[in-house]
Amino acid sequence: MRDRAIRREGGVEYRFVPPDEFREHVRDRKSKAPAPKLFTAAEAVAAFVSDGDYIVYDFSSLTRGPQSLIREIIRQRKKDLWIGAEFTLHESPLLVGAGCASRIDVGFLGYGSYIGQAVCDGRVKAYEWTNGGIALRLLAGARGVPFLPTRDLLGTDNMKVSAAKVLNDPYTGDPVCVVPALNPDVALIHVHQADACGNARIFGTNLFALEASLASFRVILSAEEIVESDEFRKDPMRTTIPYFLVDAVVHAPFGAYPGAMPARYEIDLEHVDRLNAIRTDGQMREYLEEYIDSVADHEEFLDRKVGASRMKELRRRATVVEGYR
Amino acid sequence: MRDRAIRREGGVEYRFVPPDEFREHVRDRKSKAPAPKLFTAAEAVAAFVSDGDYIVYDFSSLTRGPQSLIREIIRQRKKDLWIGAEFTLHESPLLVGAGCASRIDVGFLGYGSYIGQAVCDGRVKAYEWTNGGIALRLLAGARGVPFLPTRDLLGTDNMKVSAAKVLNDPYTGDPVCVVPALNPDVALIHVHQADACGNARIFGTNLFALEASLASFRVILSAEEIVESDEFRKDPMRTTIPYFLVDAVVHAPFGAYPGAMPARYEIDLEHVDRLNAIRTDGQMREYLEEYIDSVADHEEFLDRKVGASRMKELRRRATVVEGYR
Amino acid sequence: MPRTVEFTDTEFMIAQGARLIEDGKTIFVGWGIPQVVAMLAQKLYVPNVIQLFEFGAIGPQSLLPFVRGTMGGPQNTYRSLQWLNMNWAFSYSAAGYMDYGMLGALQVDPYGNINSTHLGGTFERPERRFAGSGGGNQVASHCWKTIIVIKHEGRRFVPRVDFLTSPGYLDGPGAREKAGLPRGTGPHRVVTSKALFGFDEESRRMTLLSTLRGVTVEEVVKDMAFRPLVAREVFEVPPPTQEELRVLREEIDPDRFIIRGEKMTATP
Amino acid sequence: MPRTVEFTDTEFMIAQGARLIEDGKTIFVGWGIPQVVAMLAQKLYVPNVIQLFEFGAIGPQSLLPFVRGTMGGPQNTYRSLQWLNMNWAFSYSAAGYMDYGMLGALQVDPYGNINSTHLGGTFERPERRFAGSGGGNQVASHCWKTIIVIKHEGRRFVPRVDFLTSPGYLDGPGAREKAGLPRGTGPHRVVTSKALFGFDEESRRMTLLSTLRGVTVEEVVKDMAFRPLVAREVFEVPPPTQEELRVLREEIDPDRFIIRGEKMTATP
């Protein structure tokens, strides 16, 4: 998909898939039958993430991010990925540091100097769409329309470095900004509960969980808990994503680690500090070796790099549970 | 607002308020302080509904419609209303029969021949926007944009009898339909639970409860139950409408009668049949006199025209409660 | 020798529609008769079909009996996978997730264009005004294959609809795409109380595919105000089965509000 | 004679910002320092302010202490009125419901234009790359009055931002409206660690309104790379109160990750 889906206009590159092409994928390739689709992370990433893919993820590095899936993508050293990310504090540095990502649409591009330096060095291209712009592009992708209008971005340099355009609104005659639909190749979403078929619940807010699930060619969920399918039909208001949007479900307790999973476990700020401290390629190599490449999978990571005591402590700290159920 | 907000183009009339005008109303007239705003239906309608207003309501005549508020509007004989309605089986005939409404944007325009005949006779103008078109127009109004695009309505006669337009999408070059934002004067929404300030919960699906609440100049809620404000902060995922969008809250048990309130009471099909049987102006006058004008308010209506036994029976029939909480 | 089975034209139409629905697929269900068709299908044939209703019920397993006139009530939205709202419901269809759409119609023309708005006169001053699109326009625009369910009354089959409410193939091949409607969509079948029609791949014109057992092609087309194409081989559709009739009469519509109609007989 | 109070420039900036927030109004809160400003304000001055966070928390009453770096976590979204998502959050602001927005900035220019993207070089190959807009662009575009919170370092106040990330008054009066941004919006205050600025109604240029008690106008403007307008009467802002400092140091940021900074003194 990548090559067809890259558009270049006046020095600006952007991802765009005409709605009809996306719709045909959905018709031909999305199974609507309620079949189990449980995979290991390694299987899911191998089967559903390809070199050159455009990937989005919900939510942020510190809260309910799909960190175990990101680590698996790095472990498999996928190449030439294009990331669409909002609050990407740690995923982007790691993906770029490991040589997996060549383009990032942001959003809010991390802190720490590693990723900033990578942009300055030209190792990765960072396109500025703003958080609102990315969310709106996904909404367009989810609504099957080629663009959506918005009254921001206007007047700023974002208009020059993105494919946002100005139209005259046919009802007021005033200028309005439009952004192109975004239909990623893959959405990675970490959820509180899923069943084997892909019905899923997120508790708390989300960035664009349903938008990204509707708009993406493939959807990989990781879930803290796998629950009975019947749960979802008993309480349909709490379903965030219905199964027929989903391609793979990975059972991943502590899948958001070192970030927090609201009402389940808190952030590991010490580990986050270690990530934030990465400044050189040497430090990056050390981190990747220590926490990703030297372990076979997420379970080994939890056993050897986090440990039961730490997990118990992070669970203990997650005392705010009101509203998350 | 009415006169400024009516646009006429090539024989088509439509409601349109430029986003900037709506925004200024919100800034200047919507109180964001958490003050109680409980009113009787008579007070709320007198204070917040004016002759000439454009009114929308959620959901349908048979399910969670704001029927007690509609009856109060008729009781007060508001004039020259413009209704934006989706599943309007009974409100439209009653509002037109009572001389309250002169224009209807639909939607799905009732059954029974009364309302159809009124359109044929030219007593009311019925503009065809389709359900999806009305919901999308409200979404545009709620998002503060002058229009939204969609890939329907195209190719049909709806394009000729509405203000929907065709644009060329700047990304594909293909034609796409756009509909103008809809910012009604008043939204009427019947909810399961509200607090005195206007925080509200609807259980089950809705048409456009949040869209209409964000997009409307004034919002009147009627609620089966008034609950403590603190309830909402304990479970923010269940809040449908936050208080600062709302202008008035009316406590109205059985407010959706003769329609159903999911998990609270069932439809009164006998009363619905009486409504469906109205064919002549004489029958309409009889109905209006019997059920609306001869009672002072909703409470007297319940006492004298429904009765405790009937209400008990309708509650008994509402046995499907799963998921509604 | 099989006994004769008795049924109404409505019952046949519903049963015929129910047999067309595929299991493990998605279907956007319009108000009224299509709901009953989907109920019968889900009960007897396609337990894993995903129904979608425009007011935001995704994947309900409706509770029987059918409460006439309702769509958003708790019976019809029972055991949904997800409850949302209308704009989300139409996102599912617009993004291509709805394999089928099923709609009623007041009039239909050779290209499967649907009128549900008015008969005679002008839009502003019609001779008779009906409910209009509801969400039918979106269903007919977005879903991959639209199935139209309509009583086989000649006056409903017209060369040109009085008002084009929901798009069929408009004025012929390529017209939908040219208008900007999603590529590869359009009317798929017309299910009537006597026959089944499809649409010719080339001309996009309505084509008679099969008739109720015992009904001739000539009986089907004689009252239609246009002459449909007729498939090379016209198949015979068996009448409602005992099981279809039992579910319709006992479980879905015991008061016979929906399934009443003209009495018919056929050999099972 | 009052004793001298000791505080950091960051603490003053936060306290000054907190005093600007109006009770019973709405404020769209940006990531980082603005969150701490809002926490202090809600704790001490404006219990009924409605905060809004871009990832969908409407009206939270954040739980203290502040967990550094977080915005979407359960502490920050605690006791919200409503939990939604980003597209809804920006609907609230775009439809005019947000009285205030509060944002940090890397650079700001005389028209209140914000750069948070890069310093030096070009966008494609900058000398230094920073986080970028996040949702700042939407906040600065939609909210009625934007408050910018920025350390008073001269290099941050530039005649022209290296990259215009979030709109101030662009190139002057009327420019926002001409660009299509919502009418009547724009930067309202610039809260720094030494002073407070507004914007001149006519020229839309940044205007010095007040300084920290004991800091002169000349001290404020000497490092700025442009000369702001200066109000006819420049007021004096008292330093952080004991209560402000107590809440900041004991309740909001006991580890002093946020509030550390240059040490200052002033008379209370």
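Points to keep in mind about this one:
The letters A, B, C and D name the chains in turn, as written, and every chain counts its residues from 1.
The rule is short, and it goes like this: a contact is a pair of C-beta atoms (placed from the backbone, for glycine too) under 8 Å apart; a residue touches a chain by one contact, two chains touch by 3 or more.
The structure presented is a predicted model; accordingly, all values stated were derived computationally and were not measured.
Listed by label, the chains touching chain C and chain D alike are A, B. Set against one another, B-D and A-D show the most C-beta pairs in contact at A-D. Measuring from the averaged C-alpha position of chain B to that of chain D gives a distance of 40 Å. Here the spacing of chain B and chain C, counted between their Cα centres, is 29 Å. One simple way to say how far apart two chains are is to compare their mean CA positions; for chain A and chain B this gives 38 Å.
Residue positions of chain B touching 2 or more other chains, listed in rising order: 19, 143-145, 150-151, 174, 176, 204, 210, 234, 236-237, 322-323. Multi-chain contact residues of chain C (touching two or more other chains) are listed as 57, 77, 79-80, 83, 90, 94, 142, 182. Contacts between chains form some other arrangement here, matching none of path, ring, star or all-to-all. Applying the touch definition to every pair of chains gives A-B, A-C, A-D, B-C, B-D. Taken in their complex, chain D has these residues touching chain A: 31, 53-57, 63, 67-75, 77-80, 83-87, 90, 94, 113, 117-118, 121, 123-138, 141-142, 163-167, 170, 175-176, 178-182.
On the chain A side of its complex with chain D, the touching residues are 11, 59-60, 62-64, 86-87, 89, 106-111, 115-117, 119-120, 122, 125-126, 128, 130-133, 135-136, 139, 150-158, 160-161, 166, 174-177, 204-211, 260, 262-263, 267, 269, 272, 318, 320-324.
The part of chain A that touches chain B in the complex is made up of residues 16, 18-19, 143-151, 163, 165, 167, 169-172, 174, 176, 178, 180-181, 203-204, 234-238, 322-323.
By the touch criterion given at the top, residues 19-20, 22-27, 30-34, 141-145, 199, 210, 214-215, 232-234, 236-237, 239, 242-245 of chain B touch chain D in their complex. Within the complex formed with chain B, the residues of chain D that make contact are 23-26, 48, 50, 57-59, 61, 77, 79-83, 88, 90-97, 99, 142, 144, 182-184.
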